[in-house]
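Written out below as structure tokens is the structure these notes cover.
Going by the order they are written in, the chains are A, B and C; count residues from 1 in each one.
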Amino acid sequence: MAVLAAPRRRRFSPVLLAFVLVPLVVEGFWVFWPALQGFYLSLTDWDGVSAPSFVGFGNFAEMFSDDIFGTAALDTVIWLVLFGGLSALGGLGLALLLQRERRGVGFYRAALFTPVVFSLVATSLIWQVIYQPDGVVNRLLAAIGLGSWQHAWLADPKTALYAVLVPALWRQLGYVMVLYLAGLKGIDPALYEAAKLDGATSRQQFRNVTWPQLRGVNSVVLSVIVIDSLRSFDVVWSMTKGGPYHSSELLSTYMYSTAFQSLRLGYASALAVVIFLLAFGVIVTYLVRAFREDQ
Amino acid sequence: MTLTTTRPSPPLVPRRVPAPRRRNRGIGFHLVAGGLSVLWLLPILLVLTTSIRSFEDIASNGLGSVPHSFALGGFGQAWGEGGGGRAMLNSLLVTIPTVVLALLLSAAAAYALSRYAIPFRRTIILVMLAGNLLPPQILLVPVAKLTELLGIYDTLTALVVVQVGFGLGFYTFVLQGFMRSIPDEIQQAALIDGAGVAQIFWRIILPMTRPALAALGALAFTWTFNDLLWAITVLRTETVMPVTPALLGLQGQYVSNWNVIAAGSVIAAIPTVAVFLRFQKHFISGLAIGAIK
Amino acid sequence: MTSAGLSRRRFLRNASLAGVGALGSSSLLSACATSASSGPVKQAAGAVTVQSNLSSPQAKVAIEALAKAFGDKGGATATINTVASETFRTQLPSYLTSATPPDTFTWYPGSLLSGYARKGLLLDVGDVWQTMGNYSAPFRALSGDGAGHQVFVPTTYYWWGFFYRKSNFAKWGVQPPTTWSEFLALCETLKGKGISPIGLGAGGTTPWIASAWFDYLNIRINGAPFHRELLAGKQRFDDPRVKKIFDPWRQALPYFDPNGTALAFQDATTVLLQGHTGMVLTGTFFADAAPKDVLDDLDFFQFPILDPAIPVAEEGPTDGFFASARTPHVAEVKEWFKYVTTAEAQELYIKNSSGTVLPANPDAKDAGTPLVAKGRKLLSDAKELTQFFNRDSSDALQPTADAALVRFIQKPNELDSILRDWQTAAAKVWQS
């Protein structure tokens, strides 16, 4: 038996335990503790000022008969699929395009990442201007002869949700691209050499080398996408506030308006619990499987 | 996993790519990438043009019109009314400690959870990540009350601590993903040399995680700098407001000076863009996880 | 591997203990999250902190000038702390229930105020009102909490009307109307000239402007008392009397700007000034969105009378200050209130701001322009004053109005279901 097999984990050193427990305690105090309060609040009726009154599962029962909740839930699923799917595909595509170090690639990467860093206040304003009835989009459509496609993009209940999707993606793709870039950097170039020696085309190289190697990054990207889709609150809120009359309502905007406009913090907390369960359900199944495969 | 260098291997197959085709592919790349970049930057350009217009121009001709004026007054106004240097300082006072602290703590947790067989490590990682699945809006009120209980309400310390706490789950998750793929041999070698847990962390694993830390650091900087919700929840007084909520304060109750707000956004974007450009080099450093010199 | 097994068991035990502890203390913690401190507050000398939502540059300058003048008088001083308007609104409950709340707040009177007063969060300023003998009875009533105490001091108020550009009307050769049929005829004329007669800015993030139409049609047809009852939850939105007011609205709908629900309010102002729309039902605050050289060209006419039998009511939203009940600077706060309600303070404020507001103190002089004089006459001639939808009802009810009214403007044929949904949503707000 090699000496190297000497137990490297006989006892967990206190330093190691501290490495785990300190962050855990910090997160526990600032996130889990308030979260528990939030979960408790979901069982109450509270207006933010007087004492909360316990209503059991009344809030959750109300959701079933709430039309707006149904709309918001459906919109959220659509958002998850479109926003999530397109940002993953787009981010990967952009990363593949810009992964090789060549002249100008730094500029291109920075250009695509700039929307991520730019403050939302100004960019949401500009996107509203772009979508105005006489704004850039409609004028462009008229110029290329598609005048019949013109809409009041943000005011038309049929198009509002999809219209808001575009600036949301615009802000997200650079970020997903960065994650995939870091992942692509981590792929051993020798694997590509070996594949090229075997005569693999670039598509085969992608399928057999790139994609499997990206598995770690993919789980990160998936979590990011799910988290961001479900928290995609600020873009939608600043552009339409969930309107017109709830046609671009997501669960996150509905939760916010319930908490801070209608001042029904109990019901809002219940909505937050639903969002959390949704996110948890999507992520956990994938992650547990990914973890198990790696062990 | 074999150790390889990034020394270019000798060509085993003679290159027969004709020169013109290679140049065309280069042009094609630049067209596509360049076109995308221009498309992406278009809204930002619109913000820039708005920031150099005068209020009268925007009020008379609308935001979407071609500029009829050139006025740099918006920048001065944004700087002065938006809190100026004080707000920028507040932003940096919050963002830099947050990024450093959050990455340090999460790297430590990621290191311990990915390289040692701590019981329930997978559960712990998932639980930490679960903390980020909660919509932050619902945590606002309990966290505000918590900061009041601790007596740090309306201070920058509160914002730092809250941001660190809230980011830990995600950063740990990302970092443990990268750290997991570092080969065992290096750690074993260090152990034989008698290195302790902390030394292995500081001297070996952390430097090897540099690209991930750089990418995550740039992102963390951006998120913390651009954060709005936490800032307006735990801070109340103008003088401690960082740049991003101060920018929001430039909006009036009914009417806003869009040129001033656009100018303020440009000013506020400078630190985050600068940080990204600086850290971008680390992606290009060539030190990739999985292929170690 | 007993050592690993031991540590695993220990981990498990600790984790489950933590879990139980967490669950058990969650209710305790929620008490921490939701409690407001109680007990008398120790008084101390100090500057009055004014938490202000007047974030537009001019209003901010004006209130800071006010604070400076107050400090220069000697005695107490005041510091203004301005935050974004939307931030202020969402954080107001948090400010009021904090252990160390700001001393005073800018805000408006209405149901929100009496709601907070009922919960004991607001300071009784009855003795300040004793120095305000010249204030009119409606202001006094507005500033009460419904239980005989005064909790608010008004400083300025403004009016609503159909605003238009005099030069544009002259160019089109039309006169402001006085009756509803004249109004519709005016719209018809303007439409014939290729102009959208009625502008609206209910798009994007400003759908609340549409509530002005609802308010005015309701107070013109059903009278202000019914309107107030409806907004206080004592009447139903699917009442036939409410449905009746949408008939004249339907008559006016063809003349609305087709982009009315796509443009935000500030852009609608620009469109009006450029002459693409004829007139907009708006409050005087819109003048802040106009370039300075246009201000003299602005004029307004009253929302036409629909039923001469109903006493004339107008929307005259009032702004002012209230104070937290738990301020440690009660004496200084009252000194500040006594100052801001004087004529000179209000004149100072108006001089520094955009000048289209009226001072609440009847002895104070306003900006003196013909527009302001006309506005003052409009409000003083009115028999009743309402405040505006969200001020008379609550900020919580406003989103229900936004959804209902924007939907009506886009789909007027769905009125029955719109009113039904509105009533359902409103009932939920009233229940909580």
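Couple of notes before you dig in:
Criterion: a residue touches a chain if its C-beta (ideal position, glycine included) is under 8 Å from a C-beta of that chain, and two chains touch if they have at least 3 such contacts.
In this text the structure is predicted, and so the values were computed from the model without any measurement.
Taken as a contact graph, with one node per protein chain and an edge wherever two chains touch, the assembly is complete, since every chain touches every other chain. Chain centres here are means of the Cα atoms, and by that rule the chain farthest away from subunit B is C. Contact analysis places A-B first among chain pairs (by count of C-beta pairs in contact). For this pair, subunit A with subunit C, the centres built from the Cα atoms lie 35 Å apart. Each chain gets one centre point, the mean of its Cα atoms, and the points for subunit A and subunit B are 15 Å apart. Along subunit C, residues 4, 7, 29-30, 32-35, 90, 94, 267 each make contact with two or more other chains. Multi-chain contact residues of subunit A (touching two or more other chains) are listed as 9, 12, 32-34, 37, 41, 48, 132, 134, 260.
Touching two or more other chains at once are residues 63, 117, 141-142, 146, 248, 251, 258 of subunit B. Across the complex, subunit B is touched by residues 4, 8-9, 12-13, 15-16, 19-20, 22-24, 26-27, 29-35, 37-38, 41, 48, 94, 97-98, 101-102, 104-123, 125-127, 129-130, 132, 134-136, 167, 170, 174-175, 178-179, 181-182, 185-190, 193, 197, 213, 216-217, 219-220, 223-224, 226-227, 230-231, 233-234, 252, 255-256, 259-260, 265, 268-269, 272, 275-276, 279-280, 283-284, 287-288, 291, 294 of subunit A. Across the complex, subunit A is touched by residues 1-2, 4, 6, 9, 12, 26, 29-30, 32-34, 36-38, 40-41, 43-44, 46-47, 50, 63-64, 105-106, 108-109, 111-113, 116-118, 122, 124, 126, 128-139, 141-143, 146, 161-162, 164-166, 168-170, 172-174, 177-178, 180-181, 188, 191-192, 196-198, 201, 211-212, 215, 218-219, 222, 225-226, 228, 244, 247-248, 251, 258, 261-262, 264-266, 268-269, 272-273, 276-277, 280, 283-284, 286, 288-291 of subunit B. Across the complex, subunit A is touched by residues 3-4, 7, 22-23, 25-27, 29-30, 32-36, 89-90, 93-94, 96-97, 116, 119, 121, 203-205, 207, 258-259, 261-264, 267, 395-396, 398-399, 402-404, 406-407, 410, 421, 425, 428-429, 432 of subunit C. Those residues of subunit A whose C-beta lies close enough to touch subunit C in the complex are 9-12, 32-34, 36-37, 39-41, 44-52, 67-68, 128, 132-134, 152, 154-155, 157, 238-241, 243-246, 257, 260-264, 266-267. Taken together, the subunit B residues at the contact with subunit C in this complex read 55-56, 58-63, 77, 81, 117, 119-120, 141-142, 144-146, 148-149, 153, 232-233, 236-238, 241, 245, 248-258, 260.
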